[in-house]
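Given below, in the form of structure tokens, are the structures.
Common to both upcoming complexes is subunit A, partnered first by subunit B, then by subunit C.
Coming up: the complex of A and B.
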């Protein structure tokens, strides 16, 4: 179906983005991962009414999108499934927190702005910034590099492997689903979508075929010496690899405490 | 390289195998092979070619009989050692290429065997050179054509510098140009090659020795030219003369 095909194409585009030769892509993954995680922590730590201060934290995503040649439109589009969740997380705050913080003049009359509205906007902004920073990380770093950085941080091997294999098998299952649905649609041209009677066997086929493919991939890995740990090519560390996280982390702390 | 008592790199004696106590897929297979040989395993569908290949690389271990690779019995204890010597090219290249880029996939094997980065780099460079893919080194696997995927899959095995290379239906879904290219590349590889295929012309072009399997046993084992010209023998076991012979 078109939707599955589109999703696979999106995944491919994202992987192409990760393989660019841009200097941000070449940075050591550990630095990028640390910057992303610390940025999210710092953003989340702002007071719920500190909307104005929080705005300054836009400097990081703005820098990365502009300097990193990333498209904000594409980023928002790719994050479209998560964005509604993070944007609506504080949607009920205006009903509970009715304390008036200040008033603004709108068309000659005064409009009271409550703490609930500000905290809702803050939560939305925190969510948006966090999602954008995660997008910046995955758009400039491959899954293997992220896993490599996680292993440097001593994240348990089993967790890292599971993350990596889920990512790999996700694409594989998507490709199988695409094949099955395409074969179905080509023989049911007048039908819109898949008939409910076919769903059972189609999903069954999909799982069986995905399992076959997954076991073939696993066999291929074990035949090439895979013993449960991914050994990624070690990255050489340059001065920029130190400077990039250092400058950002210092800036985050300064913005958090002194602005 | 380790070999058996008579210098053989692969030794199979009275090999029996069946899936979950069902009918025997292989019943008494005997085969020995030496370094540098090129062997084509032929036979109709479902006669146990792929099973035999899986047994050789230790993907199935519950066999009976003698199965030795590079002087080591194929068993759980020796698996790691055996797999250092033997490379398996899957029929479906997508199953073989699971990392992001060609070079990452080609480096996967040597890295897993703990080789130093310089050695991994040398092997990746050399393997890609052998399959003429150095310019596609950083290409994403998703963006490769069918022929390129097959060559990249072969490079992932060549980088491990195996003594034995097993290929399951390597010519499937290749256009004539890629097929010709693959034949040329295979003929340049010095390791022991074992190729299973229904494409008998491909076997003719790449293998000097042919083994015909049927009903779980070896029916014929000998010179490729002699076996592949034997119409009666081939037709008696569900095969046909290679197209290049039948046209003459």
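Coming up: the complex of A and C.
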């Protein structure tokens, strides 16, 4: 139940951030999407031992978090889901890669730093930067705007409509999941999860109700003129919309190749 | 099983994006062919439903722990493989953007590992053949458990391969595999049980909602069309060029080895104007010397060379075939 509440709270928080009247929120979504994807691409392209060079890539999240008034704590909190796999993959590197890269003087004695330690730290940093970059995108851009950018990139409209519908109905379904779990827990106190005898009927009934809801949604969409097409309000493009991605992309290339 | 951006190299991510895009292209085409706009809201609402059910915890009998649903197999059993695949793409993208579960760069890998296997292998190779002559409780249980276990095993295996190909871990292949596969065997089994319970309920309440039940008289396509063959060859070439090329041996090939044994070098020196001119032309025209970008040793260069090489070979072969056909036709006339 806590997970459902957490997710709903996180969703509401993101929606509030997306509706702010900050200049970063007003930028064209295509530019923000491209900057985010190219940043992650550049970060992932660094060599596993290039920890020092990778550190410089912190300029982008640092700028966006400070100038964009975003909470670093919320950004870091999003690491929780990918952290277990990243940790599992990286934590063994120091044991297998024992090649000494350099030594550090600690309290008068020399401590050898192996390639495995550096590659593990690089992996963590790559994970952190990519999560923060995706957070910057979603905190300043609504899903509708991202879908608009995807359409400009010629992503098929059926995929875009499905994404928008999933997002729109997730809040509703999440609230329903919360109600179902609360009702179940009140009838089965001190039980961890849903009993196997209730798996089929509980989720199955909910599923059938959702299918019926989908039919109702389709009927109401048809009544409002839906014919399988996806229409969005065109956004006006200003000079800042060109400058923002241009400056960042040039900077990423410079940092990647000349630092 | 969601992969993070940090775990994939750009070359691996790009290759997986190409493969996932090809599968998405086929799915979009198939869903459009069905021409049923009422399916679109169902896909959206079902995607949100799967997303929400992933947050419910189910007690695993006799263990004291709990598991949750992933939903790929369930979506395919209700919507079919193509609509199910597109819905899963939506679910994975929203998960990655809203909750940082996965990543934008790793999205191609995640679509392949979770949606492709769940929807195509699970639905077309397991669910459909089992349900061909009608459904029953036993058949649903068999298809659901087998489908979930097998597709999760394939997904976990792909995660291992993609991570190792990206070169981010020092874990040996066997150790990584031995850790990933058993965990996902248990997860797949639990997911199979939950999917069974839900689908049996649907079968008893509204059997018409299940996909692919009793479809015995589908048209049989004896031969692959030219377009499908070209797509299959192109995908295979991209995989071989983009991924397999990364594992190409750094040791000399048989001929080079023999030369090294006989002459002491694998590259013979030649002198003379003609040789110099030829070497100059080769140096100027070779865009990707030694299967890499000029003055670079990055893995991206190797993959790029592999894909470009495959593309050039395919184009030259197809061109030669058409030329041959053209001259043969002229001869016949």
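Just so it is clear, the second predicted complex is superposed on the first by the 221 of 259 C-alpha atoms of A that agree within 3 Å, B and C clash if a C-alpha of one lies under 4 Å from a C-alpha of the other, contacts with A are read in each partner's own complex, and residues count from 1 in each chain.
In this text, a contact is a pair of C-beta atoms (placed from the backbone, for glycine too) under 8 Å apart; a residue touches a chain by one contact, two chains touch by 3 or more.
The shown structure was predicted, so the numbers you read here are calculated from the model rather than taken from an experiment.
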Touching partner for A:144 - first (subunit B), second (subunit C), both, neither: first
Contacts of A:223 with subunit B and subunit C, given as first, second, both or neither: first
Contacts of A:213 with subunit B and subunit C, given as first, second, both or neither: both
Touching partner for A:199 - first (subunit B), second (subunit C), both, neither: second
First, second, both or neither for A:19, with subunit B first and subunit C second: first
Touched partner set for A:241, first subunit B, second subunit C, both or neither: neither
First, second, both or neither for A:181, with subunit B first and subunit C second: second
Superposition-derived comparison: subunit B or subunit C, residues of subunit A touched: C
Subunit B and subunit C contact sites that coincide on subunit A, given as residue numbers: 143, 168, 213, 217, 221, 226-227
Residues of subunit B defined as touching subunit A within the complex: 57, 59, 80, 83-84, 86-88, 90, 92, 94-96, 98-101, 104, 107-109, 111-114, 117, 120, 138, 140, 142-143, 156-157, 160
Partner subunit C, residues of subunit A touching it in the complex: 3-4, 7, 10-11, 14, 36-37, 40-41, 43-45, 48, 78-79, 81-82, 85-86, 88-90, 92-93, 95-97, 116, 119, 123-124, 126-127, 130-131, 134-135, 137-138, 143, 146, 156, 158-159, 161-170, 172-174, 176-177, 180-181, 191-196, 199-201, 203-208, 210-211, 213-215, 217-218, 221, 226-228
Residues of subunit A touching subunit B in the complex: 12, 15-16, 18-19, 142-144, 168, 175, 213, 216-217, 219-227, 231-234
Parts of subunit C lying in touch with subunit A, wherever the complex brings them together: 2-10, 13, 24, 28, 31-32, 37-38, 40-49, 51-53, 55-61, 64-66, 69, 78, 86-87, 89-91, 93-94, 96-105, 163, 167-172, 175, 179, 193-194, 197-198, 200-202, 205-206, 209, 298, 300
